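Reviewing the structure listed below.
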Amino acid sequence: MGCSICTVISNKPVAEGLYLMSVEAPGICSTALPGQFVHVRTGDVIDPLLRRPLCINRIDSGNGTLDLLYRVVGRGTAALAGKKPRDPLDVLGPLGNGFTVRGNFRNALVIAGGMGIAPMFFLIDELIRTEKYVTLLWGARTAAELFVSSADFAPGGLTLHTATEDGKAGHAGYVTDLLASILEQLSDAGSARAYTCGPVPMLKTVQKIMSGRGIPVEASLEERMACGIGVCAGCSVNTVQGKKLVCKDGPVMNLMEIVYDE
Amino acid sequence: MSDLSLTIGGLVFKNPVITASGTFGYGTEYAPYLDVSRLGGIVTKTITLLPREGNPVPRVAETPAGMLNSIGLANVGVDEFLKRKLPALADLDTRVIVNIAGNTAEEYAAVAAKAGAFGRVDAIEINVSCPNVKQGGLAFGTDPEATYQVVRAVRNETGKVLITKLTPNVTDITEAARAAVEAGSDALSLINTVLGMGIDITTRKPLLARGTGGLSGPAVKPIAIAKVYQAARCVDVPIIGLGGIRQWEDVVEFMLAGASAVQVGTWNFVEPGGAARIVAGLEQYCASRSLARLADLVGTVDIDET
Amino acid sequence: MSDLSLTIGGLVFKNPVITASGTFGYGTEYAPYLDVSRLGGIVTKTITLLPREGNPVPRVAETPAGMLNSIGLANVGVDEFLKRKLPALADLDTRVIVNIAGNTAEEYAAVAAKAGAFGRVDAIEINVSCPNVKQGGLAFGTDPEATYQVVRAVRNETGKVLITKLTPNVTDITEAARAAVEAGSDALSLINTVLGMGIDITTRKPLLARGTGGLSGPAVKPIAIAKVYQAARCVDVPIIGLGGIRQWEDVVEFMLAGASAVQVGTWNFVEPGGAARIVAGLEQYCASRSLARLADLVGTVDIDET
Amino acid sequence: MGCSICTVISNKPVAEGLYLMSVEAPGICSTALPGQFVHVRTGDVIDPLLRRPLCINRIDSGNGTLDLLYRVVGRGTAALAGKKPRDPLDVLGPLGNGFTVRGNFRNALVIAGGMGIAPMFFLIDELIRTEKYVTLLWGARTAAELFVSSADFAPGGLTLHTATEDGKAGHAGYVTDLLASILEQLSDAGSARAYTCGPVPMLKTVQKIMSGRGIPVEASLEERMACGIGVCAGCSVNTVQGKKLVCKDGPVMNLMEIVYDE
């Protein structure tokens, strides 16, 4: 956990409006866990003022670089998209807590919708490294956004199911449409864990489908943030244990304990 | 070495840089990013009699060169604070100021009495921006009489140095400033956040769930400087200036306007450790100008009063 | 084609984009940069009974995402304005609003009577931010009673549509809003500039010769939105919202908050012709959403009032 | 007079903190007069918010480019210094009125201090083109800032006298120290015009020295500006005829009519 000026290595669009940035940040890489995020200053300016939270998408610990996968949605991400190799980048992190990777389970079910894929590559790398069987359910708006295939991960461990809203690849519709049947096929549900990230409507659906199955479900949550480190109390989320802070008590939390209002 | 120190109500601060309430947690959260003992002081989040979970989200949002918040004074409550948070500050070489609020003057007094019993608490900052439930929910701070009542009630409970934190959302800041001083406040801090609002035109929902909230950050600095200037000219107690500070130059600007010390708020979020860098900047400023006492700057703005 | 029009006191504006007082001269200066007839209306600089040269320089300065000014209502005076400036507006297809001020209610009334005699003048905007010399120089607008007196005096002199321009520098904007409406104002415009100040730490002089001045520009937008939202919920007349507008999205934001029309001020300096581009942006917005009447947006912010 | 997005051709330091930027702006070049200025937006941002006024330093009408000579003093000029060739630049102008170049006079005396040199190259080019004898009195902080010599102008027309505060070139001291003796040498004062630009103390000195000599003196003035086109009334200056606006009634004004307070 620290704040440092890192260096942009590369920064390229991978689909329309979707960018992948590699950043040299050996300090962060050496301690980061899948599911953690970084808080990035998008420029040396006072407008936009606040840092932007971004998941650690993937890590190359050999080279000490981390990847950020982001969609350009506003001024901050637009400024990020303008960064060039060798530009400095002020990165705070790694922040928050990560997914549970260790443990006595064999099957890992990863459910990602839209930008919810961002933290999952790092997670899948670690799951495969610790010899889990990983099933990734990946939903995206367009086929172009499914820019990574199972061949991009270490061999053997990953089964990929996709869904696109435009129907051009995989299932035509939402990724959660696939979830129930995948769960049926799961050989050993007692020894499974699930991981999810995506828009709130998707998380609600996942919560409903997973409920009562006894499979632990960890979700990476999003909320508006100022500090990113548990100081401002901005990023609160309702849980069965009362309000918690996404940046400090999350972003990874037990999905089954999140209380969504109607 | 130049002298950066100042005195408020007999209490010596080694330098004028204090971190602001609600932006520095309970005092230790930023320890990984800066040496808290470099600071002149720290102010805790607002502490209330009972714990508060705060308002619904979203409760922070960004605006041009600023931000809005409506945290709703989320805090652990005074008992938990004194038991679990204050002890962690024991070994810090910095002034500890506990910021308090309540829904009635009696609540303020009760929190002050509890906090005032602890030696580690150097001063109490009274946040009068809390809604006055007895008078229909308008903030105490928008009514000089209510401000007087609250400060008086706290003054009666504790011998600690008292700082009253004024809201800028008033027609005439000098009225509240005078009321607080008459009621026994040893110093004033200003400004708290400026009433503001934003709306997301896509969802048609306000940026903050509650609608309006408090604006802070560089955008409000000119407003804060004006209020500090006005307040400093009408009362004789030290003024702690804040609002939009992000660099040592801003501190000097506030001091010229009449502030004896300052607080750094929103900027902590942008640059964790920034407050310590500001202290270093002030040291260098004094050294490079051979300024023996930084405090000599206070109120020395050169204005042609014609 | 979507309908961008709106009505204030019976007066139809073809679209809600009006240029703000003091930022658009006497109406023709920006003609080389935009087709003034594209605008819903224009507001002149504040006109006073006698010509004014204004305050000493510096009288403008930059601040984070904003600017300060203390022009001091420099203007040619009402007679010269009506004789030499107003005729140039004859052929423009846009509403002409004359902004007026005075040191006494009688002065306001006198200016209004003169300007109100001209057919080309569609409406009068009363700038109550002027110091009330009879009451010790505090601005009329900071006192609801004084606001009432001034508006009443003007109302008695002219049948023109009256807009009262409120200052944000008050504890409760709804008091002034109600007073203006009771006195006969057909609409309200808000906000005028926010009291602010800056100091040059090298020279120790204020950024504005006069010390304090008025803050405007994007930095104040959240303040303006909050005030418009508050005012719109307490009076039944149309609200003209302004403060920090620079793009069509800001106009929609003000409309959601409760404004029927808007004014563009500081942004004219940054982007001459920007006001016309905002009109085009609104047309496109309506077209792309098949919005038949832009005015349907007014006040439709979706707030959970719990 | 217009507002257009131009293109940066080059942008280089010519001395410490002093930059020369060439901008492709054929429209502006075709009508600009020496002494006029442009009002430049330093970025597509809202902070810094306002445009920055800069004199037209020189014009290459063949190529349709204009030069800006500026000192980095704050955020706006720092942003300008960061511009690269091919970057867009939002330029408003040409604005204000220019120096009087035409007329029945033979000798032109140009007195420039510090950044006051900025409008003078364009002026001198025009004076030489219209066959005046030009004497330039140029004061700078350091010798390095005297980055142009008489060889950089059309041959024949220019006599150069310099002064530096560090004494490393020309007269050691202020350029105004030279003025009185130059005036003595002036063969035909009745047929001379003077032009000046520089810091206020210098202008006051020039005003004093020139007073009562019957030589018209035009000064290019500076004041804080918002609009740059006579709308905001921000840039007022006291003259014997009352307040005027530097951007509209100037920036070039009759120095002898300027009223400086004590």
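As written, the chains take the letters A, B, C and D, and residue 1 is the first residue of each chain.
Criterion: contacts are C-beta pairs under 8 Å (C-beta built on N, C-alpha and C of every residue); 3 or more make two chains touch, one makes a residue touch a chain.
Keep in mind the model is a prediction, meaning the values are calculated, not measured.
Between the interfaces B-D and C-D, more contacting C-beta pairs are found at C-D.
Between chain A and chain C, the centres computed from C-alpha atoms are 47 Å apart. A straight line joining the Cα centres of chain C and chain D is 37 Å long. Chain centres here are Cα means. That of chain B falls 34 Å from that of chain C.
Multi-chain contact residues of chain C (touching two or more other chains): 64-66, 217-218.
Along chain D, residues 46-47 each make contact with two or more other chains. In terms of inter-chain touching, the protein chains here all touch one another pairwise. Within the complex, the chain A residues that touch chain D are 45-47. Across the complex, chain D is touched by residues 64-65, 218 of chain B. Those residues of chain B lying in contact with chain C across their complex are 56, 63-66, 68, 142, 169-172, 194-199, 201, 203-206, 209, 211-212, 215, 217-223, 225-227, 229-230, 244, 249, 252-253, 256-257, 300-304.
Chain C meets chain D in the complex at residues 22-25, 29-30, 32-33, 45, 53-54, 57-62, 64-67, 69, 71, 74, 217-218, 246, 266, 268-273. Chain D meets chain C in the complex at residues 1-3, 41, 46-51, 92, 223-237, 242-243.
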